Every structure is written in C-alpha cells, then in structure tokens.
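Shared chain: chain A. Partners: chain B in the first complex, chain C in the second.
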Partner chain A sequence: MTTPRTEFSLVRYYRAGMRLGFQREIQYRIRAFLMLIGFMIEPTIYLVVWTSVADAQGGEIAGLTTGTLAAYYIVWTLVRVYNLGYAPDAWEWRIREGRLNEFLSQPIHPFHRDYTFFAGAKFVWTLAWIPVALFLTIIFDPVFEWAAVNVAGFVVALWGGYTVRFLMLYALGMINFWTTRGSAIFGIFVASELVLSGRLVPLELMPEWVADVAAWLPFKWTFQFPIDTFIGRLAPREILTGIGFQALWSAVLGVIFALVWKRAIRRYGAVGN
Partner chain B sequence: MAHPLDSPVVVEALTKTFRVPVREAGLGQSVISLFKREYRDVEAVREIRFDLASGEIVGFLGPNGAGKTTTIKMLTGLLFPTSGSATVLGHQPWRREKELLRRIALVMGQRNNLAWDLPAVDSFELNKAIYGIPDEVYRERKAAYIEVLDVADIATKPVRNLSLGERMKMEIVAALLHGPEILFLDEPTIGLDVTMQRRLRQFILDYNAETGATVLLTSHYMADVSAMVSRVIVIDHGAILYDGPLTGLSDRFSAHKTIRVEAIDLPEDLDRLGRVLERKPARASIEVPREEVSAVAGHLLTVANVTDLAIEETPLEDVIDRVFSKEDEDSDHTQD
Partner chain C sequence: MSRPAGPVRLARLHFKLGALNELQYRINFWVQLFNSALNLGTGLIAIAVVYNQTATLGGWTSSQLLAVLGVHVLIGGFLKTFVVPNMWVLIQDVQEGTLDYTLTRPADSQLIVSVRQINIWSLIDVVLGVGVVAWALDEMQTGLSAGGLLAFAVTLVCGAAIVYAIWITAVTIAFKAVDVGDLMQILNGVYEAGRWPVSIYPLWLRGSLTVIIPLAFAITVPAEIVTGRVPWWWLVVAVAVAAAALLVSRLIWKRGIRNYSGASA
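Up next is the complex of A and B:
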C-alpha cells in the first residue's frame, strides 16, 4: 500500500471540530438555557449584595456605581459561559474509565478536540444568553460606556480569556494521571479563582494585597479583564496590554501543559476498553 | 511468517507490567494504607514476540485477561510498554507520531468513538478533517461503505438511537474512511447477532482483499476466527502459547479427531474403537486418537455397510478450550 494522501489543516480541523461542538450542543437547547439560568444565580447574588452596599454608601463603592456594578455582573454571565473549559474532575473520569483511548488513537491532540468542542458549544450558549442578559438588563439598569474599540477588544478578550482558562484547567487536569482523585485540587482552584479573578467581586473591592497578588497570576485575565473591556472601563492601551498578557499566559500555560503531558501520558493505564 | 523487514508490525520481547495497589479488607487496613501503601506488580504481557506480514489477517486469541487488549493498546500507542520494542509501519507506536496514526485504525467492540448525540455522518465529517481525507476520496469511500453495509437510512439517525449492531457498522465505516493500512480489531463482533456478525466479517474481508490491509483481530467468537484468519497467535497469562496456521492449532493441541459414521448395522462394541460421543441406531460419533484414525475408519468400512463416513477435526472452540485448560493446569502445578 502507498502512504495515503493527506490534506490535513488545523484550520479545517478547527472548523469541523467547532461545527460538531455546535451541533452537539444545539441538540440540548433547553439544557443550555437552564444552564444559563443556573449561571444567573451566582452573579445575581453578588449583584444584589454589592448594589445594596453601593446604595448604602450613596450610590458608589470604590469608584463603582450601581449601574457599573450591574453592567459588570451582566457581562459576567457571558464571560462565565465563554470561559467554560474541560474541568479537571472530568479528566478524572476520562482516565479512570479509559475514555482517552478514542482520542489517543487518532492523529490529533486531545487538546484540539476539547478546545474546539467547547468553542463550538459557546455559540449555542451565547444564543441562550441573550434572553438572560435582556432580563437582567431590564431588572438592574446597567450602565455601559461603549466605544467601538471596547466591543472589538471584548471579542478578542473573550476568546483570550477562554484560552487562558481552558489551558489552566487542562494543565490542572493532568494531576489526575498521578492521582485519580484530583477533584479536591479543583476545589482549591475554584476558591482561588473566586478571589483572584474578579469572579466574586471586581478586584477594586478586594484588599489591595489581593489585587497585587492577582496581578502576577493568570486568573484576572479570564474574568475581570474581558468584563472591564466590554463595559468601557479600559482605555484602548489597557485593552491591548491585557490582550498581550492573555497571549503571554496562554504561551506559558501551553508550555507547562505540553511538558506535563509528555510525562503524564506515559502513566496512562488505558484501563477499560 | 514474514521477514521482519517486510513486516508492518514487528514485536520484540514486549512486556507490560502494571503496578496496582493492594490491601487486605477491614477498617484497620484502610487506616494503615493511609501511611503505608503496598503495591503488586502485575505482568499483563511478558516478553512477547511476533510479526505480521503485509496483508495478513491474524487472529489474536486468548481468554479474558490474557493480554490481548494490552498488546493492542501498546501497538496503537495508547500504552507505553515496560520493556521490549515494537514497530508498526516503521514507527514506535507509543511515540504517537501523526504519520503512524493516520495509517492505522483501532476498533473496540465495546467502545463508542462516535458523537453519541449526533448522526454518524457528522462524526464521519470530523474524521475527514482529523485525517485530512481529500474530498473526492472521502465521498467515494463513504458512499461505497454505506452502500455495502446497507446503512444509508441509519447513518443519519443519532447514534444514541441505533442498536448495537447498527452502531458497530457505523464504527467500522468511521474507522475505515481514511483507508488504514493496519486494522486493530478488538472484539468487533461482540454482542452482535449472527447475521450482523457475518456481514461485518465479510466487510472486513472485502476491505482486506481490496486494499491489502493487515488485520490483527481479537475475538471470542470462533466463527470470526475460522471465517477470517489463516494464522492465529494464542496468548495466555501474558505469554504466547502458539503462533502458526489455524489448521496447526488442532494438530498441536488436539490429539484426537472425530469420526462420524452412518450405517444400519453398526457394531455394538464401538467403545472399543474410541470414546463414543453419540450413539443412535444407524449413526454414531467416535473420538479417536489422531494416529488411529485411518485404522478405525478402515475397520468400520469393513465391518459395517457404511452409507456415510466423515473425519472431522475437533471443533475450534474445544481446541481453544483445551489450550487454556491445559495452561491453567500447568500454571497451577507451577504454583504448587
């Protein structure tokens, strides 16, 4: 037999992979909508608490008005949807059940399989997000300071945030190759993220040292940076700098993941069938 | 057996040992295991050697836990070996080079590789992108396979709504779209009804005949083995017990043949000739030692008015059963 002709291209694969992710998720439109409703609960609690605090302090807290806080948490819901990635505890299941076999026997890295699947699904989630966002907008009266650069920057920052968080989760998932109970470590990750990313509250509302620590870590580029970009709190230069940090963290996390993956995969037991 | 240089698969002293934690039952042992973990090494595959010739279909047989699937997982790059070497199409499989993975396929009968919620055709499209299958080739192959397997109507149904047999057909189509040169089939017909088994077997045989692909097949169904392979490798407890022609398996492991005879005046003392398996007024089956087959058959022809006489090999299932029973007895004695 002669070696088969191949016309592989990563761009073509990404298109196909994202299409499959979209198609799979559109099968479960109601689930996507309910997931979004679930996602509303967390920011709504934060929103109610912090707008109440701001109201009590004359309509502003740490320079954030109630309208800005409302805008922050409404955009939060979209950013949350976008930075969903393959969770470390799902790696635990995948390794324990031997579900990595189907990925490893094909000539494409599992990273691309998962990244494109989640990327494709996000388009469905975005559609489900629109009514949720409209509802929150009517209730909480957000204030946006939009400019074209913010909207354009947001699109890049949103995908940058997804990439950084996806790589963080993916690298963390590698722990499961050494212990099949890595979900405990995921709990620590979520706790750190809540505090250091702007997920719980904008970092301005945190003690100064928390914001200082956050500046050295990737978390804030996955939550607060895209949100701030969209609601108009960042100047064009700050947006560019932020996107640069997202690229830098993507590269760093990508290298870490690649190094760990090489060792991790040697430990894979391919149990199950 | 092929010369290793011509062989798409060459396995040399391949060994895989798993380290598994062990502990006795009980709360006390649970607490102890917190501080001091004990492990046991389990040798799943022990220094096995074989090679496959180009275009050959080889049966890889053994009982559950014999090491078949572990071997296949090493040869397809899913597992790193503990020691030894293997080359598949000139590549070390566990390096998982794309050049190799594009040229092989792995089908596991109990595993679903298709997008569960979508019609199989959507997974075919994904495979097209993964393997970089040119448009024209993809269209031709997909159409041909769908026609041969008669699956046009089910290819557009979500996979979750398909029966096991229908799903397996889709799995096979998905696995062959990129035209693999080596097929690793791990129990591809498991759980399928007889008609479906036959259809899949024929499909794989046709693929082998048309493309010259090499096939390594594991199956517990001897019908698969006898219909598809001319050579078998028998593995048990991680070691190879036999590697040779399928026909030689009976010669090696079965010291008997069965004579089926029909005559209206069969002698009463048939048990003098061998072990009587069946006795009817005008028909009997007798198991006799291989070296006595000619003599016994000749004797029957002279003492009775024989209307039909057939000499049969011991059924493959029985031969395999004897191989593994013998192996178990031997290993039990070793442990004594």
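Up next is the complex of A and C:
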C-alpha cells in the first residue's frame, strides 16, 4: 500500500503554486493577449525613436545597429513580462481590506504564494508573447547572434531578473504598512528604473556616469542583462558574472525584505487590534 | 428651490463639489506635485538622451520636441483631472450594476457619467505643461503672435475634446468585456505614444494614431501650430476632427446604452 504524500515540501508547494497561477491565467487568454499589446506600445516607441536616430547617424549609434536595436526591444517585451511582480501599491489594498489575514494564518510565508503565482502566470504570458514577437520581427528586422550558451543563459537570467525585481517590488510594498502615500516613493522607483535599467534605452547610449551609477544598483540586472544575454551581446564569462550579480542582489534584497517584514507585521497587528 | 439646472450648470456643480471634496486633502497636492515633476523629469531626460546623439529627430529640433512634451503633459493633465476618474466610476458602475441609477436620471446620461468625478490635483500637470511650452518657445526665440496664441488655444480645446472622445468611446465599446481595467492601461500606453511627434512613426503606427485613435490631432498638431511648423489654418482640421470624434462618441454611447441591460439582468 502506498501512503499518500501528505508531508509538506517547499518544492511541491512551488510546483502547485505555479500550476495554480498558470491555470488561473490561461482562463483569461484574451486578457493576456491584450496586456501584451499594451506592453508592445512602450518598446515600439523607443525602438522607432532610436532607429530614426541611428538612421540619421548612418545606421549605427554607439556600436548599436538598427538590427541590434530591434532585437533589443523585441526581447524587451518578453523580459518585461517576466519582470512583473506583485505591485507595491496593491499592498495598500491588501492591508485596507484585511486580505493579509488569510496569509498570516498560514504557516508558509506569503512571499512563496505570490512568487509562485506570478511565476506560473508567466508561462501563459509567454504564449501570448509569441504572436506579438512575430509581428514585431516581421516589421523591424531584428539581428540576433545566437548561440546555445545565450539561450541557456537567457533562461537563467530571465528568472534571475524576475526574482530580483519581484523582491524589489515586494520590499517597496512594505512601505504601505507605514504610510498611505507611498505613491511618491513608487514614483521614484519607476523613474529610476526607467533610466538605470536599460528599459528606456540600452545603457551605452546614456551618459557614462549614468552607466557607472547603474553598475552599483540592481535595476540593470532585471532588464538590460537578460536582453543582452539573449540577443548575443555577451560572452559566456559575462553571462556568468551577471547571473552571479543577480544571485547577490536576490540575497541582499531578500535579507532587507525579511528584516522589514518582521517590523511591518508587528505594526499590522497593532493596527488590527 | 431653484429650477432644474441646464447641462453646463450641472457639469459645473458636479466639478465644484468634486473639487471641494478633494481640496480637503492638502497633502495630496504635494504628492501629486512630486509625481508630476518626476514624470516631467523623465520626459526631459528622454529628450536629452536622444539629442545627445543627434541634432534633429525626423526633422524636429530639441526645442520643438520640448513643445510636443509640453502639450503631452498639458493634455495629459486634462485627461487625468476630468476624464480618467469618470471612466473609472463608469466602469465600476457597469461592474456593480449601479449604472441603472444614472440611466434613470432625467438629465443626459453621457453628460452625467462624464462629470461626476474630478481629480483636481492633476491640474498641476496642466500648469507644468503650459510652462514647458513657454520654455520651448523661449528656446526657439521665434515669438508668438496673438493670432498664433489663439489658434494654439483652440487646438488645445480640440485636443481635450478628442482625448475625451477616445476614452469614452473605448470604454463604451468595452462595456461588456469584464476587465475594462486592462483597457485603461492600454489606453495609457497609447497615450504615451503621443509624447513623440507622430511623423517619426512608421506608416502603420502613424496611420493608427491619425485615423483610428486620432492622438495626432490632440498633441502633435497643437505643438506644430505653436512652433510654427504648420500654418495657423491647420486649426480648421483640428476642429473638424474634434467634432467628428465627439459625434462618433455620442453615437457609440447611445448605441451602448440601448444594448445595455444591466449586469444583473
């Protein structure tokens, strides 16, 4: 007789959580597709702007050809999808509506639940991304320099980028335990990310000091690094270093989050009583 | 008791009440000012980064592009103050089945759903937008005649009418879709496309932004008039497009209401 597997394991929790996220999101296929269309607009604007700048300079700026720029922004859309995490301002709703209670009554940390849920949904968004990417590929003629190592590195870098950004957003969300006017701080985050991550433009096109500042911050490991890995702009050694930085930032942000979480929860109890 | 208010007075009353409500929360002013400044700052950075690499972008100089950014922020301020808050309430009403209360009121339903909410602090963007346009004109040193200023003002009013028409049309069409919140996000994304002059976009995108979602007439055309890139009589085109957009929104609203049977029915 086989005994039912009732013991708890985090691995099994992750698998189940991701499956749940996938199943929930696949019900809303049209929504996922619409979301991707929405996501397509931002990089298309950047791409058009930079392509016309590159054209005016004879087809190349700062070593980036129009084909590379196209590849950059097409992969951008996929990285953006993988970047999505639990929005900081959504914590306000959770706290206000008392939604946190159901998490707190479970022995497992809510982080795992949110992290796996978003992770599972990403598989659906990846499916929705394919037609969007095809459309952009036909229109913009991207140039990729593919090698097996890039694709393998990309898969790791994509999930590494997700983890780093998820932790950033999650830690930021904790601000809501102290104030209802966190939007000013989220604004700073959005603006910094836009400029320092490679989201607006590859960092080579920024003034040098911006790239220097970006090197010390987690943002670029969530945007430019996975993109550069995929389109073949990085050597295997650079890919490995980048993944190392992602691991480092995940650890740092994880510790920061864990410390703030303890205080936040104590505060939450104080409000609830 | 006074007699029933006409449409203009009704709109004014609603706006006044909404503004007074929001004015109680003074700290929101500072939060909004900070966020608006940040948003404008990133727009300026994007322009600076582009013109760091090139002297003109599709025939536009940096000061002309500054004018486009100014108009984009200005019209965006109008949108966030008057239009977007109302669209959220409308969406909520459809989802919760409370739109019926509005539809049964004797006043015009499109007017009512368009004036119920106001986010007064977003007017900061209108002020910032005017400032950026003035800055752009100062940089260009071309000066602006009284006639030019008047033409610019008219195109801005048309721009406001156009964005209103786009938003209410989109929301009305999506009445029956469950998650209209996503639609609002997409519309925001589309609005971002207006930050750059439409003439730099490839044909399919330029075409969409001119014919299907006429943002070109709401943002690029006013900026072209104020910077003297096109003659003043272009405002006639803007007026015609605004009138057409409003008419389309009216027809679609009527149709949407006719087919609306309440979420519970």
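Worth pointing out:
Methods note: the second predicted complex is superposed on the first by the 262 of 273 C-alpha atoms of A that agree within 3 Å, B and C clash if a C-alpha of one lies under 4 Å from a C-alpha of the other, contacts with A are read in each partner's own complex, and residues count from 1 in each chain.
The rule we apply is simple: a residue touches a chain if its C-beta (ideal position, glycine included) is under 8 Å from a C-beta of that chain, and two chains touch if they have at least 3 such contacts.
Please read all numbers here as calculations on a predicted model, not as lab measurements.
Once the two complexes are overlaid on the shared chain, A:102 sits against chain B while remaining clear of chain C. By the document's definition of touching, neither partner reaches A:29: not chain B, not chain C. By the document's definition of touching, of the two partners only chain B reaches A:13; chain C does not.
In the superposed model, A:263 lies in contact with neither chain B nor chain C. Once both structures are placed on chain A, chain A residues 28 are touched by chain B and, in the other complex, by chain C. Against chain A, the residues of chain C that register as touching in their complex are 27-28, 31, 34-35, 38-39, 41-42, 45-46, 49-50, 52-54, 56-58, 179, 182-183, 185-186, 189-190, 192-193, 195-196, 200-202, 204-205. Residues 28, 31, 34-35, 37-39, 41-42, 44-45, 48-49, 52-53, 56-57, 61-62, 139, 181, 183-184, 187-188, 191, 194-195, 200-201, 205-207 of chain A are the ones that touch chain C when the two sit in their complex. Partner chain A is touched in their complex by these residues of chain B: 18, 54, 69, 73, 76-80, 96, 98, 101-106, 108-113, 115, 117-118, 122-123, 125-134, 137, 158, 178-179, 181, 186, 211-213. On chain A, the positions that touch chain B within their shared complex are 1, 3-9, 12-13, 15-17, 19-20, 23-24, 27-28, 100-102, 104-108, 265-266, 268-270, 272-273.
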